[in-house]
Amino acid sequence: MLSLIVFLPIIAGLIILAVPASQKQIIRIVSLLAAIAQGVIAVLIWRHYDPTMAGIIASPGGSPVGSFQLIERIPWISLNLGSFGPMTIEYFIGVDGISITMVLLTALISIIGVLSSWTIQKQVKGYFILFNLLSTAMMGCFVALDFFLFYVFWEIMLLPMYFLIGIWGGPNREYAAIKFFLYTLFGSVFMLLVMIGLYFSVVDPVTGHHTFSLVAMASQENYLKGAILGPDSTMWRTIAFIVLFIGFAIKVPMFPFHTWLPDAHVEAPTPISVILAGVLLKLGTYGMMRINFPLFPEVYHAGLYVIGVFGAINIIYGAFCALAQQDLKKMVAYSSISHMGYVLLGLAAANSEGMLGALYQMFNHGTITAMLFLLVGVIYDRAHTRAIDKFGGLASYMPVYAGLVTVAWFASLGLPGLSGFISEAFVFVGAFTSTTTRPIAMVSVLGIVFGAAYLLWSLQRMFLGKRRPDAAYDLEKDAEGHEHIHFHDWNGKLDLDARELTMLVPLAVIVIALGIYPMPIMGMLTASINKLVTVLAPVAISAVN
Amino acid sequence: MMHSLIQLSIVVLLLPLLSFVVLIFFNRRLPRMGDFVGVGMLGTAFAISAYIFWTVIVQHYDPAYRIAWNFTWLDLGNVPGVGPLQVKMGIVIDNLTAIMLAMVTLISLLVHLYSTGYMAGDKNYGRFFAYLGIFTFSMLGIVLSDTLLSIYIFWELVGLSSYLLIGFYFEKDSAADAQKKAFLTNRVGDIGMWLGILILYSQFHTFGYQEIFQNIAAGKFNLSNGWLTAAGILLFFGCVGKSAQFPLHIWLPDAMEGPTPVSALIHAATMVAAGVYFVGRIFVILTPDALHYIAFIGAATAFMSATIAITQHDIKRVLAYSTVSQLGYMVMGLGVGAYSAALFHLLTHAFFKACLFLGSGAIIHAMHHEQDMRWMGGLRKNMPWTFATFSIATLALAGLPLTSGFMSKDAILAAALGFANVEGGGVFYLIPVLGFASALMTAFYMGRQVWLVFFGESRTHLKPAEAHHDEHGHDDAHGHDDHGHDDHGAHHGVHEVGWIMRAPLVVLATLSVFIVFSPDPLDGAKGWFMHLVPTPSTVVKSAEAPKTAALAATGGILLAEASNDAEHATVSATPAAAPEHGAAAEAHGPVFSDPRQAELAHAAHANHFTAIYLSSGMVAFGIGLALVVYAFGAIDPEKTAQAIRPLYLYSFNKWYWDEIYDATVIRGSMLIARALAWFDTNIVDGIVNGVATTFRKFAFLNAGFDKYVVDGAVNFTAFFVQTSGAVMRKIQTGKVQTYLVMVMVAVLGYFAVYLVQLMK
Amino acid sequence: MFEMPSGAEIQSIISTLRAGADYFIPELYLSALFMVLIILDLVLGGRKNRILASATIIGLLGTLFFIFKQHAMPDAELFFGMYALDRFGIFFKYFFVLTGVLAVVISAEDEHLNSQEAGMGEYYALIVAMVVGMMMMASSTDLLMMFLSMELVALSAYVLTGYLKREPRSSEAALKYLVYGAVSSGMLLYGFSLIYGLTAQTNISKISMELSQHGYDPLVMILATLLVMAGLGYKIGAVPFHFWSPDVYEGAPTPITAYLSVGSKAAGFALLMRFFFVAVPHAADGIEDMLSIDWLTILMIISAASMIYGNVVAIWQKNVKRLLAYSSIAHAGYLLLGIITMDKVGTQAVLLYLASYLLMNIGAFYVVVVIANKTGSENLEDYRGLGRKMPLAGAALTVFLISLVGLPPTFGFIGKLMIFTALIGKGDLFMWLALIGILTSVISLYYYMLIPLNMFLRDSDRNLDKDYRTGMLSNAITVVLMVLTIYFGLFFQPVAEYARYSASMFGAVLN
Amino acid sequence: MEMFTTIGLNHFLTISAILFSLGMFAVMTRKNAIVILMGVELILNAANINFLTFSKYNGGMAGVMFSMFVIVLAAAEAAVALAIVINIFKTFKTVDVSRVDTMKE
């Protein structure tokens, strides 16, 4: 079932490979069908998921695969390395509370992505092949429970992204694409070394051999004393944690490793921005929760304060930068940085409230930012500009669009009743409850105001007031004196058309519904989060060492 | 099975939301843009809350009446270190809630009715009622909610609806600015409130009022007392934002950009009062220090905005500042411990201020959207009904005896005096002094307003063409509805508004009379309100109280309240109220276990009559002054203004708060924003690119390796060879050979190094 | 002073040679093929290039059968310790034959090469000769044999490099290669002579015995070591002995560039490993011995220098062949990492890496040839916008380059993985080398991606309306190479296991 | 005194060393490709001298064999080299290796 959801897109990609490039519509439909099938499976998984099973680690003495669900564990590679013992790599996938949400999110965003890719006209075939490859890689990252497998998916992600930005991107796309590629690769090559180091330091309690299984790595009693990353080699463990953290932080992206994001977003086509902000960023924090923290809990605890500070910097710094932007998309990009800061802060809280908030924020940010970028794309399609000052008074002429923008914008600034609020609230609750991060939390709340500031300001400049003199559209009066606007060389529907609505309305509904009653998602997290917090608790660590 | 009143209250809560949902989606499809939906829903809601009011207030008539119900909103499972943890949402119905419920639904209903006349013909007519709906929903939510989290949620939601309604005419930049300003200013306050909530949650892992109160009373608050004070003050910050207290008062006057009914409903009667209501809810956890802080803020606000109101020309602005000032009274009242007096003032103020705003709305409507009092006058003949109701409300606001306003304001002032006595510090006398001073000014500017608007002759023709702007052009905030400007001719076409707009005025005016609240026009404490909403005893152990006593008393309450179980509501009497029951007639408020509170209550009672005399005197003097200046023209306001121009300008420009904030906060943060953005693109990113370029440069060096370094090495080798022997004098080199030279250099170089090592 | 051997002795000598010949069949067979090709070239007339090419391919593939039969034979030392038959050698025999086949395939594809009037007979013959030489390099256990096989390879390579006689760059490359090669082999020979002087032995295992038993003068020994290293370093193209490779790779016919960059480099590594592991005495745990430490130090320096220099200089290249030349310098550095670990896993890693390098590098050069056939250029600028015209070539090239960077899911990633596994398996001893390795591989991404960047992201300023369709055969070959590169990136177990199986050489103790 | 009268191992080695250096020197400095090739010959012969010397002083025929092969091989190398040099002369109209530098960096 999981394998199906992971590899469906690639199958679609192969089918597309067979379709002649001229058959654009068929290609699109094939991808859409794959994405929808993915969505259906995701929903089925969600229905069958048992929220009481925590996952995270294999309970000592319990089953070797821990309380993960939908597990598929097939031996993949088994090499005899003589003195190093057999090198076993497994095709080992499964879900727990942390990954299930991300799987749902990925499925959702993939559908949205395909829909919003409908307008792509250039090299449709290549585009959708890469797109499907990308979505397989993302999905794979979230379900992989074998570090090797995870790494493979993680790296596979880079290349399609590079081309999707580089070929279908904006004017400065070359720079943005290679920057993204180099940046993320720089982060992940260290991961390779750490992965190998971990392999030599961890022993699977069942087979007694070294293993790449993240489940085995997550329980500290499986580490060999004297191994390079064994419990007693503090220095290397610290270094490993830091480089791993940087690797993930680049994806998040965390200040000061964030500068690839605005470029990438500004250049990327709308669907890719949606994927990038909606799913890829989550991989960073997901990696932290799945790999970085459980594998080096003691370092994590030593570093809580630093992580929190970086989270706060992200929140406020991102908000300020967003405040100064003239390009709407860039503003949204910086808002992503700011919002991922909440995730970091929540992770730094190291208690259930914070972690829960962080994970829930990951999901909500996915849906909300997807909405934001789609809405930016809508106006860009029509006006061919994203300069915030080139509009004004749009609310009078595009009421539906304005309405959805209002929903998205307010969701993004954390208005109660919309999903963003709950996650941010829990992040703060957690961060404040933990004495370590309390001062940081007290500073970070400023983000609430500045977040509201840049969002409301842009809202006002674009939608309220009257048409600006240098606006990107003409004002026309019809016979009975009603005013209408007309965008240059845009002859589609002025307000949102059916396709755009089918993308945006479901997201809006989700945002509102999860804002009113979050348990459908949150209920799946709590068990895993509580388990994770217990695993990371200092007592648990000291118990092992 | 939940209590029937709870079910009813839930219905009341949801009806306006339903109206919002229906109207926001379908208003264009419905006849009359569906205003009847809004009115109908509100009518029903009011009917139900009236029933609740009847049951709770009239039938039970019990100061300690309280039923609560809550449900698990979020289940966090078995949280490590805490145990099973749920986030609950709840509804509480006690006397205060019942009263607020009735008040909010009533005013909202009246405003709905009024708007059907006032907003008629607006192109977004339907949307207006939708917004009113969501506002009413959020407001009721605040009133009903039983936990800090839920109140915070609705708190933000009223913020949203206020944002939407202020910006109802969003085509106007001034409106767009105002709505943004309002939301952001409120957010600043909310930060404080949120932090306060966080402090409390971090200690008790719950948002519920009762659990928090119990835990604090049980001394489970592990942080220092300073933190508790901080929590109180921070929570109060929410009120500072919502209720437009100094220093966050700046948004309320601008909020008058909204349609006048909105000003009446949101920015006079209900939402702005929510702050006071919230402080009332958390009153028991406020430490004395926190209370002092609150008292001073309140007094300062009351005084400051009164001074500003004196010089404003815009009729709505005068009322807006008077609102701020009255809210200051309430906050001050809470600060000095006059809990029930403050809330009483909240209630009375709601009615007469709503009446005043709707009246001004009627005037503006009749004057074709003229809001500047300088160009009005003589309207009493044209609009008798409006005149009558408006004057009654004015008197109530000024606080003349026989009005509701008198009773409540007097109670607060008395408490203030008593407070000053008790605290016994010179500086504490500032509070009553400021209070009385603003009472005086209130009387004055209200007198001025009534005279300018209703008496004398029409001055419409005096209006200069460019009169939009005076000294600072701050009052270009004419409520341009869709109709746009009409000609500012004489009073042709100025006539009384229709019944649908007149009726609410009448109702509200009637509710501004003393008899509604108390049989004794001079003592509100004899009224039902102050009996049913007694000052609760604090749960904060103050130093001088013997620990055991405090514990016993509070413990008593707690046992009682602890028994308010989630599912079935119970009614219990606080030990404070019990001995009081029979002797409700001369209500000195309940006897307090906490000595400080008891002393305050006593002092307030002692100063009752002093306060009456003083305040009546002040009011009389104020109105008299107004008459002297404007009726008899004994003093020319213009000349006086010129005489004290700096003071005048200072007041006229609202103490320059907007300018100050603009210069500091707004510009400051924009500056930081630009700086950081620059930093981001040039420094942070620059470093990255820098690394890249250095690599490329390095690469260039290497790419030119053969060209430069190798040749250099060759030259070096040449030198080396020359010194070796004369035979090797002439050296000629070609590329491939220089490669070989390099190899030799490498080999020999390593060999040399090795030699050196070997020597060691 | 030397008395003539008696008849009995001669008999025994002859019988030994006869016996040895049974283990020497592949080499003999190929030598025969060499002759056959010359003759074929003489007897055939007209358009014979295709025939010669196919004959060569068939012949080379035929060798595989004989090599396969050698699996059954026990490890043995032939011709009085001149030559060894062991799994290590067999692996390289397969390797070189496949390299040769692919080189011939590319050559057959290269229109520029085939278009010249001079026949291709000697060309394919020389390729075969090089195969023989490289096989012998991989298996010879005696200084003399090593030298001779190296010269055989070198001489054939000189001629092949200059095969485009009318092409100035080709001739220049040949000259540089010749001069540089001759001198390097001279230095190597001088180093050998010193070693012979120190040990009175030419068989490497005997040398190792001598050195460990009777000791040696360290000063002379280091000189010998350095001279030998110079010779070997030139073969594997590692800094600072790499200077010939960029020029030669650029000037030589592209098929030969591919052949050299994979084949002779691999041969050099085979020889280096055998020499290092067998001739240089190791203590039990591998690192104690003085001499092996000297070697280790030198190798580490060379490796680090190669990784840094190769990758960093490549950034600036404008010619694809030259770019790949520098990248091959860098890859020499990565391969050396595997040798430095001096254990079985390291050796296995090197073999695996070489296998991946064979696929991806030959593949890359093949696509370069295919493109050059259409555009007649190997300059980066001329690749602009080709991605849309030649999607298959573009995709394949991208895959090969990604594999060269070492990103999953490609064979190249597995190579790097094994190398780093071997390194980190040694604990934190070689961590700094591992760090250099991964960081330089990040740099490498930049210049490798320049090619797809030009192909896909940029649009050509020239008009590309001529026909860019390529033949079925070449498409098929491209696809096969690409698919294999990815397939072995996901299911590398058989290759890796065979590499381990082959990681045992005669007279060396690898653990 | 004795070292001048009777010729010993070191003399041979010194000779070969000098020969080697001369060879390297020629290779590195001479312009003419032919001369460079002669330099290469010098290097090879230096090695040969070593082999023969050691073979004489250590016993065993290995060195002798080695040198013989080297001599043969040197001849083959010379043949190839001359062919290439001729080709260079055809294309570049010179045998000055320092002018043959169209490919660099």
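Brief remarks on what is shown
We call the chains A, B, C and D, going by the order they appear; numbering starts again at 1 in every chain.
The rule we apply is simple: a residue touches a chain if its C-beta (ideal position, glycine included) is under 8 Å from a C-beta of that chain, and two chains touch if they have at least 3 such contacts.
Quick caveat, the model's predicted, so the values are computed rather than measured.
The interface with the greater number of C-beta contacts, when B-C is set against A-B, is A-B.
Subunit B and subunit C have CA centres that are 78 Å apart.
Centre-to-centre, using mean CA coordinates, subunit A is 36 Å away from subunit B.
Centroid to centroid, with C-alpha atoms defining each point, subunit C and subunit D lie 26 Å apart.
Remark: subunit B and subunit D have CA centroids separated by 97 Å (rounded to whole angstrom). Under the contact definition stated at the top, the residues of subunit C that touch 2 or more other chains are 175-176, 179, 183, 187, 247, 316. Each of the following residues of subunit D touches two or more other chains: 24, 27, 36, 97, 100-101, 104-105. Among the residues of subunit B, those in touch with two or more other chains are 703, 705-706, 735-737, 740.
Contact annotation for chain pairs lists A-B, A-C, B-C, B-D, C-D, with touch applied as defined. On the side of subunit C, the complex with subunit A involves touching residues 343-345, 348, 388, 391, 398, 402, 407-409, 413, 416-417, 420-421, 424-425, 427-428, 434-435, 438-439, 441-442, 445-446, 449, 452-453, 456-458, 491-493, 496-497, 500, 511.
Only residues 703-707, 717, 721, 728, 731-737, 740-741, 744 of subunit B touch subunit D when the two sit together in their complex. Within the complex formed with subunit D, the subunit C residues making contact are 2, 143-144, 147-148, 151, 155, 158-159, 162, 165-169, 171-176, 178-179, 182-183, 186-187, 189-190, 192-194, 196-197, 200-202, 246-247, 250-251, 316. Taken together, the subunit C residues at the contact with subunit B in this complex read 175-176, 179-180, 183-184, 187, 218-219, 222-223, 226-227, 229-230, 234, 240-241, 243-244, 247, 294, 298, 301, 309, 312-317, 443.
Taken together, the subunit B residues at the contact with subunit C in this complex read 695-696, 698-700, 702-703, 705-706, 735-737, 739-740, 742-743, 746-747, 750-751, 754-755, 758.
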